[in-house]
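So that you can tell them apart, the chains are marked A, B and C in the order they are listed, and the count of residues begins at 1 in each.
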Amino acid sequence: MIAHTVYRTFTTTQRREFVRITGDVQAAVDESGIAEGMVLVSAMHITAGVWVNDDEPGILEDTLEWLDKLAPPSWQPPANAVAEALSPDPGDYRHHRGGEDNGDAHWKNLLVHHQVVLPVTAGRLDLGPWQAVFYCEFDGRRPKRLVIKVLGE
Amino acid sequence: MIAHTVYRTFTTTQRREFVRITGDVQAAVDESGIAEGMVLVSAMHITAGVWVNDDEPGILEDTLEWLDKLAPPSWQPPANAVAEALSPDPGDYRHHRGGEDNGDAHWKNLLVHHQVVLPVTAGRLDLGPWQAVFYCEFDGRRPKRLVIKVLGE
Amino acid sequence: MIAHTVYRTFTTTQRREFVRITGDVQAAVDESGIAEGMVLVSAMHITAGVWVNDDEPGILEDTLEWLDKLAPPSWQPPANAVAEALSPDPGDYRHHRGGEDNGDAHWKNLLVHHQVVLPVTAGRLDLGPWQAVFYCEFDGRRPKRLVIKVLGE
């Protein structure tokens, strides 16, 4: 059994941003030398996620807008009445009592999930033709870490 | 270490449909011959998911209705005012500019997640008594693929 | 390859409750003796989940309140008009026809997801400094099981 671990650090220019990392994950698989196995791609933060979806700018923009309705930031006005009703009842996140302002990013982490496991077959990520891997930043503009763990033979 | 890979193709009759696949996953484990390990069950599409829940028709019907509120299709009228408010602000998905009509299925993929990892103990899927595995189709009526990857010994 | 399996049973005092289990997961890794690998942490129920996030009481309270809006219980009045609109259209969950009252817990299971896979590096859970592992109970006050499966070498 071979295990290979790679860390990547992202400092996004936007507070919320999708960063395509399919190539980074395949590179980690290549370095490991495995032909068959699994690779775990996991954000090391509680305000980020990993999503496998379409590298199409429209759906990514749609999704950031939608996540701001479901998991509304309190550092900007609610997008609409539904976003307001989904906001914390005290008006602001209880989490912000300690000086934080990223409660919405914790909820986005919950919705998107912080990790995925991908199959490796014959040395390649065994993905469908439209599946791209994204690091999903929800509280960026500072260095954030991701771990890629390859396991196989 | 043993790795065993099985592909399954689904062509659902409904656009959105839950297909129980617990038996397919156990069959892949049986074929692999492993006693201990993990099995990754992963949709190879960006408009499908995998969910482990109850094979009870009521909750499955409840869930499809609910997903249409949270992730509203634009090819039918919004279910209610909340579904309308959660729809993309431009009125239609930006993703549809290229001719697609399945933006909602991408969001359902995000909510449900495209994969699960299940434990294998003594040759059996190590699930609770009510846990069934479902392939979740959100843009069906055409062949869609799923990969089952067994890893263990 | 080493596989090690641990079961844990939780009987929460609240119907919905987050239980920190990072220590339990690390203990299972320690017992396995592996240095490199992955650990699967998986609720064996369809009304529970596993979340990796911040062990900060404010965000956990925010999150339980928010989940009751997105996935509204029918055994208490809806939190607000949005929660009412996201409730099942028949007024109650179809799932409740058989005498159940936990439809909301199935939806919370979907949103949170029932399992996570964590990396193990040099014998330690390879988590970021703020990442804690929580068993998320959504229909508690009775014994519920979780499986921890360690795989590695």
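Things to note:
We take it that a contact is a pair of C-beta atoms (placed from the backbone, for glycine too) under 8 Å apart; a residue touches a chain by one contact, two chains touch by 3 or more.
Only a predicted model underlies this, so the values are computations on that prediction, with no experimental measurement involved.
Taken as a graph of touching chains, this assembly is complete, with every chain in contact with every other. Both chain A and chain C derive from one sequence, and where they touch, under half of the residue numbers involved are common to the two copies. Seen as a C-alpha superposition, chain A sits on chain B after a turn of 120°, to the nearest 5. Taking each chain's centre as the average of its CA atoms, chain A and chain C sit 19 Å apart. Among the residues of chain C, those touching two or more other chains are numbered 1, 38, 70, 82, 111, 113, 117, 151. For chain A in complex with chain B, the touching residues are 1, 36-38, 51-54, 56-59, 61-63, 65-66, 69-70, 79-83, 111-113, 116-119, 121, 126-128, 130-131, 151-153. Residues 1, 3, 5, 38, 40, 42-46, 70-71, 82, 85-86, 88-89, 93-98, 103, 106-107, 109-111, 113-115, 117, 145, 147, 149, 151 of chain C are the ones touching chain B in the complex.
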